[in-house]
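All remarks here apply to the structure that follows.
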Amino acid sequence: MPFVLEFPVDWVDTDALGIVHFTNFFRYFERAETEMLKRLGIDYNEIFEKGYAIPRVEAFCKYYKPLRYGDQAKVLLRVSEIGDKHYKYSFEILNSKTNEKNAEGYVTIVFIDKAKFKAIQIPNFIREKLELIK
Amino acid sequence: MPFVLEFPVDWVDTDALGIVHFTNFFRYFERAETEMLKRLGIDYNEIFEKGYAIPRVEAFCKYYKPLRYGDQAKVLLRVSEIGDKHYKYSFEILNSKTNEKNAEGYVTIVFIDKAKFKAIQIPNFIREKLELIK
Amino acid sequence: MPFVLEFPVDWVDTDALGIVHFTNFFRYFERAETEMLKRLGIDYNEIFEKGYAIPRVEAFCKYYKPLRYGDQAKVLLRVSEIGDKHYKYSFEILNSKTNEKNAEGYVTIVFIDKAKFKAIQIPNFIREKLELIK
Amino acid sequence: MPFVLEFPVDWVDTDALGIVHFTNFFRYFERAETEMLKRLGIDYNEIFEKGYAIPRVEAFCKYYKPLRYGDQAKVLLRVSEIGDKHYKYSFEILNSKTNEKNAEGYVTIVFIDKAKFKAIQIPNFIREKLELIK
């Protein structure tokens, strides 16, 4: 079951066409990621303090229908792949009221040693938690 | 009593100093404004469809303590002034956990005729609702 | 030959990891697109006034090396596909100084009737100009 | 004489009212600041490596006329005050073509010890360069 987060579109995220700018769907994915990690008990700051980081190495989104100011976005997020050194989120963004799909995509993340900026094995204390929501 | 909204800091809003970039405190104010108007029954889209708009003519913020990723922001928002053609929001941003003040500021808004981009009197159906939260 | 635009990384585009946030590579692509269209004599505002719009229907980016504040970004942009109703940009983002590749990706755009938000054939006055840089 | 930087409005910076969102005028100020410091030979990264940082403690902007996509922004920037531990930028944003003033404002900066996040005296190697453009 995916993790779900709903929130209203921010005015600042719209553009002169009257719709949410395409880059902001990735912002909305990330807002859901923040909440999901929090509920899983994964603490970004702890990850950084341990000398790790989790930069994104791939991002993709396909857009079906525009979101507008006044709409409520519903982000569905799941961990769709857990590799040795990377994992992948798949997300969908729906319009809360109509349940129409606005967009879907994925983001791939690599676990790194922050000082060397080199990929490393995902530590077990993270892997175990990610497995819970796969 | 001010309107209050709490939410976690978005990762994308931080900068390389490790703190929320100063411009994003205005984003956080605006997120609270969106929720407040919704609860007051003021609908931006209705305002636009009626041929009005509410651009900002002044923005000020004073920064006391940085917000960081992992922090929960608590925005306190009130309507502090209602003029003939303008109104003014005052906001404070606190750290939810510690209740320390991160920033405070104001934003002044002018009611305009959207086509002419000229200031006009605030219509009564808006004024009445704004008065409720002054 | 791709269109090339160089500019320094904006501080606001960095995040607490000290690198340009992944969403901002799409911002940088779009900044190059704006300049390229201008030099081709394609005017967005004219497009809108004629009742068209050009929303994005797909966005992809692969990240190789981080960009940091102080770096100069060099965006290489080309039109890699022109269909009946869509066209596609391919972009690379390099570090100006080292010429190392930071990221590459593509963005697919659909020509639409703005009022109906429905795909239409790319008008000839646009197609001809896009062909010039394919 | 103020430092001047011109660049086209970014599409992503507009909002559903068709104008540059008020927060983005601070982005435009900061883009000019980056270029100005570079030409003065002040290197942010060097400042950080020496253990300093320069967070903003006050930001103000007054908006006169909207900027739209297709406009060229012209930022005029000057150092208007240099105190013991702080300095202040004043900026104006004009429409390049018409020279009409879109906005003006200021940003106050405090020199800090990054580790303690406490204000300190502006070091001489910075003060001397700032004096040059006061």
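For the reader, a short list of remarks on this structure follows.
Lettered A, B, C and D in written order, each chain numbered from 1.
Everything that follows uses one rule, which is that a residue touches a chain if its C-beta (ideal position, glycine included) is under 8 Å from a C-beta of that chain, and two chains touch if they have at least 3 such contacts.
Just so we're clear, the structure is a prediction, and the values are computed from it rather than from any experiment.
Among the pairs A-B and A-D, the greater number of C-beta contacts is found at A-B. Most remote chain with respect to chain D, judged by CA-atom centres, is A.
Averaged C-alpha coordinates put the centre of chain A at 23 Å from the centre of chain C.
Here the CA centre of chain A is 26 Å from the CA centre of chain B. A separation of 32 Å divides the Cα centre of chain A from that of chain D. Looking at chain D, residues 11-12, 16, 19, 23, 27, 68-69 sit in touch with two or more other chains. Touching chain A in their complex are the following residues of chain B: 8, 10-12, 27, 30-31, 34-35, 38, 43-45, 68-70. In the complex of the two chains, the chain B residues touching chain C come out as 11-12, 14-16, 18-19, 21, 23, 68-69. Partner chain B is touched in their complex by these residues of chain D: 16-17, 19, 22-24, 26-27, 48, 53, 55-63, 66, 107, 114, 117.
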